Amino acid sequence: MREQKVRDGWRLPARLLAAALTASAWFGAAAAAGAESETPQSAALAAAEADRPVLDSGDHAWILTSSALVLMMTAPGLAMFYSGLVRKKNVLGVIMQCIFLMAMMTVIWALYGYSLAFGGSGPWIGNGEFLLMRNVQMSGGAAPMEGSIPRLTHMLFQGMFFIITPALIVGAFAERMKFSTMVVFMILWGTFVYCPLCHWVWDGGILFDGNEYFPIGGALDFAGGTVVHISSGISALVCALLIGPRLGLGSQPMPPHNLTYTALGAAMLWVGWFGFNAGSALGASGLAASAFAATHFAAASGGLAWSACEWLLRGRPSLLGACSGVVAGLVCITPGSGLVQPISGIFIGLAAGAACFFACTTLKARFRYDDALDVFGVHGVGGTLGALLTGVFATRHVKGGSAAVGLLEGGSAWINQIVATAITWGLAIVVTFVLLRILDATIGLRVSQQEEIQGLDLSQHGEEGYIFI
Amino acid sequence: MKKIEAIIRHFKLEDVKSALDEQGVRGMTVTEVRGFGRQKGHTEMYRGTEYTVDLVPKLKLEIVVAESAAQGVIDTLVQAARTGQVGDGKIFVSDLTQTVRIRTGEVDGDAI
Amino acid sequence: MREQKVRDGWRLPARLLAAALTASAWFGAAAAAGAESETPQSAALAAAEADRPVLDSGDHAWILTSSALVLMMTAPGLAMFYSGLVRKKNVLGVIMQCIFLMAMMTVIWALYGYSLAFGGSGPWIGNGEFLLMRNVQMSGGAAPMEGSIPRLTHMLFQGMFFIITPALIVGAFAERMKFSTMVVFMILWGTFVYCPLCHWVWDGGILFDGNEYFPIGGALDFAGGTVVHISSGISALVCALLIGPRLGLGSQPMPPHNLTYTALGAAMLWVGWFGFNAGSALGASGLAASAFAATHFAAASGGLAWSACEWLLRGRPSLLGACSGVVAGLVCITPGSGLVQPISGIFIGLAAGAACFFACTTLKARFRYDDALDVFGVHGVGGTLGALLTGVFATRHVKGGSAAVGLLEGGSAWINQIVATAITWGLAIVVTFVLLRILDATIGLRVSQQEEIQGLDLSQHGEEGYIFI
Amino acid sequence: MREQKVRDGWRLPARLLAAALTASAWFGAAAAAGAESETPQSAALAAAEADRPVLDSGDHAWILTSSALVLMMTAPGLAMFYSGLVRKKNVLGVIMQCIFLMAMMTVIWALYGYSLAFGGSGPWIGNGEFLLMRNVQMSGGAAPMEGSIPRLTHMLFQGMFFIITPALIVGAFAERMKFSTMVVFMILWGTFVYCPLCHWVWDGGILFDGNEYFPIGGALDFAGGTVVHISSGISALVCALLIGPRLGLGSQPMPPHNLTYTALGAAMLWVGWFGFNAGSALGASGLAASAFAATHFAAASGGLAWSACEWLLRGRPSLLGACSGVVAGLVCITPGSGLVQPISGIFIGLAAGAACFFACTTLKARFRYDDALDVFGVHGVGGTLGALLTGVFATRHVKGGSAAVGLLEGGSAWINQIVATAITWGLAIVVTFVLLRILDATIGLRVSQQEEIQGLDLSQHGEEGYIFI
Amino acid sequence: MKKIEAIIRHFKLEDVKSALDEQGVRGMTVTEVRGFGRQKGHTEMYRGTEYTVDLVPKLKLEIVVAESAAQGVIDTLVQAARTGQVGDGKIFVSDLTQTVRIRTGEVDGDAI
Amino acid sequence: MKKIEAIIRHFKLEDVKSALDEQGVRGMTVTEVRGFGRQKGHTEMYRGTEYTVDLVPKLKLEIVVAESAAQGVIDTLVQAARTGQVGDGKIFVSDLTQTVRIRTGEVDGDAI
């Protein structure tokens, strides 16, 4: 994520020092260390060498780890979280959608997705620079670099986001969407919503912090508030509205069939989110630590806030509530994780827990859309709130530089945040609406009534989840 | 005292319950069962193997009522549990010789 | 953990070398590398720079990873391990306690816990140095350091211990404690047992290895034998005794409702424990590798020992036994993991497996306390044994320096280990007893009989774990 | 893994530079930085120092992480994947075998396994160099090195492979083998199949790439195609044939009892495999990134290929199919992960998905062996295919050097791959056959009919998996 | 031959079993059921939604005994399964026309 | 109409089903139950505690047939479900007073 190249302060002197060392050292080397002089090079060459980005194995270790963590978020994490919430007869359907998306989005990313998102730096969309992994893969035994890590790793890390974002949407149309239609929809959604948006925000496009094309759109989005959570949460709402409620909603009970899965999945999301947010520092820097801490604090206070709401308004806190609050806190801190102080994360988490509680209970009940697993209520609402609160709490102490950033320190980032959020809402609504309308008219969105009653596990995949007999 | 056993579809439970409630039935016992009958099952595939599952999940309701109330309950059941598709289920009626409420020791008519 | 600042040998020359390099290089730089001279600094300044702790991205990557691993230990790890052991009707209750503690203890840690534990270095308790994350968070784009990692990361890593320690206790009063009372108890326990003890052992207090206040108390505790396992295990016993046995114990069967969870949770604990122990080296050093290996070996031999006991005494080894042995081995190696040779870990694991098997079967049966999930039997007994065996097996080969350490090489560490263990027992017993008595007299410890029969899931949280109908 | 010491290009100049720096710097240091001159050393000494392998904390962090990931593959990963596939009454039996192997193989590895596999570099078998962790553990506060990581870590990482390889075989004789016989068999199999094979391929033996003893056997096996997958897959087939089919196979239904476990376990395998393959670079290098990406792509395309086969041939894709395809892709890419371009990983994954689909359906049905969980179909077939395809796709761009490697760039590696694969098949067949025959004649392979009907959970371990009443 | 069906609370199973054992009853069959009756259920909350669950988990025992032993068993059941709280359950008694032991083919009195 | 209830071993289900199928039986209902009888249970150990589990998993089949077909079904059941080991199970036969097919409202003979 390009704007995250601003690293914490200690790096700058270190870089200069390294460069100086390189130059000076070669003088000494040339004169003294005869045994090492197999490769005579001039001081000028050495200085050039110092400018070439050098792989920092520690940074790299952390981003490789983060990539693994973010994949773990989709499955087992999200797969478990979501599958526990549906009825038994649809448990495999949900897991299948997560696993299949892991496979499919990865291949798309390799073929053209990464290039569309991160190739070049035009205002609207990437270019063909990285098509089919050109300029990403090793060549002659060396890997092209992106900052202090190989571009391969940048591609991998970002690719994990390309998986989880559509996977989040799955919760909105759970228990009723045709599997084949879901497949087609996600290919299109990834191509026409995710890739452009990612390019706008993180690769120099019109929502890139400090871009020249559309400065007022320049958003602070450290780890995916707009790109991941708003985009998926808003699209989810559109999906829920267009596909309609589940058969029997309101008359038949549809409680979560296995809350232990949901809770264990939420815990995995919490753990994996450290990769998501702290990994977005693209190195094992002080900034990564700060993002890690903010993430952790927001998750914790989000869980407390939701539990408190339940305790006060309904007499007792539920496990599902605590877990929902944790996820809400995590969603909300995402855009600001590397821009606000960790202690602000506590406030952001509290706000998220309360707001998403309200969205998932009162709001949803009032408007009667069947966002089955509350993707809008948590990711749409939490993501939007997070984008705005980033404009409030972001600080130069974390971002570096001397200009005021968030509203609290007198900065004006909040304006850009509002603009970028509005644009993201617009993009998500329009494209998702159009795509679904087309699919509805052609291959159809929903399984037949018969199949819905039978459950997706049997009707779509010919399997049963649990055969305990 | 009659014991009415009804095999019904899962998703009809709520409908049946509220229909019986209107009828004045105040108790019943529900069991998860698997039924085999004219309704075709389905096939499941696991890697190389295909299974024909002809045992379909059903619910069994047991309702004990006074002799006089039995026919009404049966009619209600037939109406509320029907979809018209094969697999709607069956009702079996039998006689009880005695009924006891454990809490009070009351018997027969008073026990239900 | 301060005493772990002793790093393995190769680091020392490396540091000196780096310092020398810095100084010499600047001479060369000043003379030759004109292009780099934007920041003219004197050699003196450069030397000062060399003294400032520098972030080692590799160390940092490992501790960030370790922090994630230790959080994973509490949930999904411990939550799964424990929840499988209770009856179905209490499965959510146990998981909720773990997840809620993750949220609550984290916020306490951020507000004042870290400061109480690690602020200053007085004999008894921390100071206000780090209250509300002061002096921990980034400032002006730079992060305060603690050794080669940001203090933020130190805070995070230690904060994960502050979560899991109370979560361990949960097993003792499982299936019967009021949720609200548990919440209050844990706030107090964390404040009055964990924070002081942590300060005593790891931040220069009266049990700190080499402290001047009370030298004979100076304990070797690499990763939490006293601070985590003895404290929680002993407090658990007090809890079990004061809250009394579960209703129907002895007359009704109370087998684990889902041993697959227990086993999968134990496996996650095994994996996570690498973060716990090897992370306690606070860097990706040779010492971390040694602690990792000792941990792994002790887990393995602990599992074998318990299985062997069962096989010999009962005719067949059980999965629950193997998993219990693994956890016993892990508990027991914890204090010595970075102080003993890995191969000694095998002995320590064997001893732990056998001792904890005895404690959980014979001992518990004889004294008839209802330590529901054997927290005392595993963590109390295993932790105490581990502290003592550390006094036997610790070696200068791992600890560094030239003085003999463990009994086996003629050292006297075992005396300090006994003293520190006794003091930890005393603290845990007294404070836990007082806290519980007060809570019992005020808000009550136990749910009502009615609620206990119904199960905690429904009575405390209004939810059911599995709805497979 | 020795052949993996070839690192990506940027390292070479970096090393030379570092050496030069060291030498030159000391001149400066000696003259100028008086404050630092406590340790006067000559330039010669400094040069020697530069030759000593130095711990790279970033490399180390990644390999520690990878070790944890690979352990996670066996449990919870494989344990969950396999246990979901058996019938309910055998669920604990499978998990127990995984957990017990984790414990037992680890202790064997510590005592003599590592030494047999990696001691010395003779053609046939290791020597006693590392017996009982001699020359592996720290001494005088310093850890012996293996490249840029401590040898302890190399031992740990490799030890995780020693666990998972036998654990894979467990799937072949699931639901019917005597636990005690399994224990003995695995001790012998680890000693007489794994350790020699590992030594041949990775420690300079007769299948080592570029060995002098038997050059045509020199195989490219980056992360365990021959050592792990072919060896276990082929042995699994022998096991399935010799132990015979499960009672009632064909007449009684034996569907997976819990596909959610299988899918979640597969996802954990996917995540853990990054440690397996990218960790095999033994550092956080560009090569690690490349292996990570190839692994990820092959998993994804494997899942797509198997799903496509099902969709086309059976009308709908199943979750079990998608997961099986993912694992097939992962198996197949393993030997080539650090030798082929990531984009080739897509082809390899596609081939694996299709081939293993065929093996697990048509092939198994035709030959009627009861390889219960398809170890041969996935690991045997996928591993063999992977070894051959490595000979096709391996490239100097990744491997480094200037010689052509794979068939596609005109190299001849494919010949060696065929030879090494054949030898591995031979070794696995012969030794497994002999061992099983002996065990059959002495202690017996199978549980009694009675016990098989009752299930292994009760008959072998005296426990039940789920007690949901 | 009488078939006695008793709906009881889960946690009374052990008590009932040992009471019947003293009575000389040597066999029974137990089923997990969910009961609906005067005992109020409970409410469950999942995010926005509240469910009233009025089906309470119960156990159903089926005990086949000789005509003569029936009343004794019924009395024992009532005593052992009673807590006095609403929801203790019911006993239903009916006639069997035949009983067979599969293992031996023995019928009626010899079969149980 | 006779209702035949059979308690059998799990792994005999397939055999029984196909034997009944040959017999012309076209419907039945299956329930998971736990049985207590002469067949000894087993002991389970969990850490310090040993449980004697004397409730053994069984399947209960309920088959409703015409009076005339009853004896044939019983004989078939006895044959197909027998292993000769203690625990093979029991068959209980009782009378039904009425049978209804929910889908059509057909009664008695036509209903099964």
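We call the chains A, B, C, D, E and F, going by the order they appear; numbering starts again at 1 in every chain.
The rule is simple: a contact is a pair of C-beta atoms (placed from the backbone, for glycine too) under 8 Å apart; a residue touches a chain by one contact, two chains touch by 3 or more.
Bear in mind that the values here come from a model prediction, so they are computed numbers and not experimental data.
Listing every chain that touches subunit B and subunit C alike gives A, D, E, F. When the interfaces A-B and A-C are ranked by how many C-beta pairs touch across them, A-C comes first. A straight line joining the Cα centres of subunit C and subunit F is 54 Å long.
Between subunit C and subunit E, the centres computed from C-alpha atoms are 49 Å apart. Shared interface positions of subunit B, i.e. residues touching 2 or more other chains, are given as 31-32, 34, 44-46, 53, 94-95. Each of residues 21-22, 24-25, 27-28, 56-59, 61-62, 65, 253, 255-256, 284, 314, 318, 320, 462-464, 466, 468-469 in subunit D touches at least two other chains. Across the interface of their complex, subunit B is touched by residues 2, 6-8, 31-38, 55, 58, 60, 74, 77-78, 81-95 of subunit E. For subunit A in complex with subunit D, the touching residues are 21-22, 24-29, 31-33, 35-36, 38-39, 46, 49, 54-62, 64-65, 67-68, 71-72, 74-76, 79-80, 83, 91-92, 95-96, 99-100, 102-104, 106-107, 110, 132-133, 136-143, 149-150, 152-153, 155-156, 159, 179, 261, 284, 460-469.
Within the complex, the subunit E residues that touch subunit F are 1, 3, 17, 26-32, 64, 94-103, 105, 111-112. The residues of subunit C lying in touch with subunit E in their complex are 248, 251-253, 453-454, 458, 462-464, 469. Those residues of subunit E that touch subunit C in the complex are listed here as 11, 14, 34, 42-46, 53.
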